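As written, the chain order gives the labels A, B, C, D, E and F, with residue 1 at the start of each chain.
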């Protein structure tokens, strides 16, 4: 499925395999993992392909791991059985917030895949504990803002990515001072804004899956 | 730009740089190069990412080189000046003929980039000698066919990729016997069919660029 | 310098170079970067060397980037001049909290290196805006705890790494739900605990540098 | 065996293994694969070793794949049984046409290996459907020529590699316009020339194997 | 265990695995292997990490192999059973003679590991045939010297690493002319000096293990 | 040039470049370096290509370094001027002693290259201090032997490679106990045998170059 947030477009796909990685065998647990990548011309200035460089950069690794952790946070992996779901999030066009768009879209691809697995009898009971959605928030010119586009993001003093469950709790909170350090009041304001943004996305996800 | 041939969808982008690789400096000639890649879920069964494997496979290398050669074949590189155009052809969905779709789409991305360069004054004179388009043809059940989809391609006895100029000459002819060897008569029939297909694509390219 | 937190021992070293990476030249700004690594037997069960595997894993990348960002957050890079400081954080023994120990120790190695640079006249004015220290906190058995050792960390429901400045503001907040999602009250309790822990570390850093 | 075409010398060796790659197991089919490489001083100017660079270049990949496809084209892989033949073609000295020399020599190494396998009882029935030989042809100064040496090859307007079976049919036709595009008449002339060259090589192969 | 020779400090650790590499299975023999590495700031001038470069250098490979061979030379691998001992020698600080310090320290780590294995019943009989220790010797200003520090080593005309058993025989002798070639008399003098140095180390090893 | 020792055949080539590596610039000194490699079918059982594996093994590194050191030992690098000679030693067929054959053959390729450089005026004065040759010796069934073939080498209790100058001094001595440790008397006997073998090779080198 293709998720669009302003100028950001991410293609999210789920692939199902009826086995788990070696280190997880005979545990009765399923596994969900994610890979994030950006096309070389997703950005305005071309980036070299990681396949050509022969190694995956730190940023890509970091985001792939964030998506995997976030998505696993909404599932009961015992109910998935010994199956693996591989999520692929490929950024076709980037204008800020690609990692949070990827998490939000990956959840929908995952929900579709799980429906298909239940239809096939691969999964017996609903493995979802909750849903998951993510937003980026930041302080720009001293003011908290939701869903930063690229130019806002580059100018932000503080940048925060927040992953919430459908019932308003947190799975991941990552805040970074890009310019000046931030104090507790700013942090609280950003968390409020993010929680509201995630609630709105949760509503849109429900619509999309209905 | 996004090119679609049946179930095949390839995103083609051109990036311009006002310099040439080191080995070409002070030659007065421009350079055009291409990179081809497939998203992991472009096909029905997921393929591992080459970036994750840490190396580019032979098939990817082979196709990237074919696109580069084909595209360079329609340009007078002296008129490009010491500029480089990097073409990226990323297959979002694959249903046969991805390499020929990539060549045909890359030409349009290239034509757009050259227009932009002429607008900016980076290129003074029209560097195009001709246009370029490509088709795949094959022998299926003993009969020559144009534009094989994946299931036909897998069943083809002979598989041929042909790159033609806008005036009907050849830039690249690659025929491979997948099952039984082919004789001269079959080769001739495939070349006729391919030339006709390329002529039709040339007409569509003109429309797209108009 | 060797920093010890319970059973965790990290060797932190700073290396100075009187130039900056190519992309930063002629900016008048300095650069600080960090590399984190773990000896194969730092943990109880041996881990394969990343040099032998030929690639750096996602976790290592992620932590190296965290240390670099955290450390840059306490400096005015203009006052560093066009010099690079490379921080190396090598974990000799790991018992939880290696990344936060690395940040805290890297600050001391950095402060030593900057003193040396000022002695040599490489840096004219004090580039430190503040100091930086980090702690890990987590919820274990429903209770917030400071400085988790490995067995606590493995059992934690929520795991949070917090990087603070010497004056009590935040540079980085990374909270992850390992088991169940966490709510705002839990997040607040963890942030309070972390801020207190960082204040204590700031005091110890001052003693060590005096 | 060492094959020499003018100044080109290629060492071709076949290695037999009594198993097939994992993806081919329990198919009842054999497998033949090839690796092509050039010594660093095979050419007049030294080329860096691919092992030292840590990756195989596109040209090497492309040629290895061509040799493998060509050679598989002359065999009934069912009659080979679940055995693998690995062909190694190492260019000791290069003066044009190394890939076609490699195909022609690899056929002889293959035929020897198959004889040995039949002697050992590893292969029951003759798996050869036909023989295979290859030539390079090109247009130099407007004239079609057979077996281009390096200086002719560099000057060629069109370069074509043709792989034929012993009974004159085609396994692979690869024609590339290096300078100007070529028309159907030129293509026909090159194919005629190539077919004649392959017929002569087929005769020499028979002598060598007798 | 941490071994110190003057300014050289090497951390040596042994890890036990109750299996052997695939090529050794069902041989009844154990296996001992070693990996050597240097922290980036072990030397006065920082060295880039091999993990970051993505490949292990020749010097590292050479020393790891030397340690492995030396250590295997003092064991009866049949008595070890099908177990593997992996030795890790990490240089924290380097001031000459790191490879010989690593061999000498690795022996002690090995002896500890074997004691532990015997306690666990993994090894029934004492597998040690002898002990092993190593020194570096060299000719500096025309005079043979034992245990060269870094500045002596850099100035040495001849550099020799000698690995001896506890009963005074040789396992490895590696002499290299750095400046002028050396004659038989010089070689003899260096061997005498080395044998004496190894005897002293053997005594110290016994004390350490008592 | 192709050097043959019994069943061992090594192709040695020297390539000249009129510059030195970056770290050597403006030193007034030349540089000589060597790369050793084995064709996959040089041995009776095929070895995988290091280029395909994407990394060079420890043995290859070790031997390349040995050849480089040995060859540099016979030259006055100041007289070579700021030129680099790259030696390539490729083993076509291996039957023991490939590294010593490579050193001995590399010297001849080097001498030819230096003659050519002197003819071109790239080198003014004779840079050779002496010549260099190498042999392998070993103890088989309790007896010292010269020039071990593969089956002897595999059975040897002690294996020693010795590189000598034309005037009988040593450049490199590498002795390894494969089975039992060796004592001083055995070492002395091997050194005598090696010195005699090198003297004979020096004579043959002179003939070859005359």
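FYI, a residue touches a chain if its C-beta (ideal position, glycine included) is under 8 Å from a C-beta of that chain, and two chains touch if they have at least 3 such contacts.
This structure is a prediction, so every number in the text was calculated from the model and none was measured.
Looking at which positions face the partner, subunit D and subunit F present mostly the same ones, since more than half of the interface numbers are shared.
Superposing the C-alpha atoms of subunit A onto those of subunit D requires a rotation of 120 degrees, given to the nearest 5.
In terms of their C-alpha centroids, the spacing between subunit C and subunit D amounts to 57 Å. Averaged Cα coordinates give subunit B a centre that lies 25 Å from the centre of subunit D.
Taking the mean of the C-alpha atoms as each chain's centre, subunit A and subunit E sit 49 Å apart.
Contact of a single residue of subunit E with at least two other chains is seen at positions 54-56. If the chains shown are joined wherever they touch, the resulting network closes on itself as one ring, and no chain has more or fewer than two partners. Listing the chains around the ring, anchored at subunit A and oriented toward subunit C, produces A, C, E, F, D, B. Touching subunit B in their complex are the following residues of subunit A: 11, 13, 15, 35, 37, 39-41, 46, 49-52, 54-56, 60, 86, 88, 90, 92. Per the touch definition, subunit A reaches subunit C in the complex via residues 55-59, 61-62, 64-65, 69, 73, 130, 160, 165, 168-177, 181-184, 187, 191, 195.
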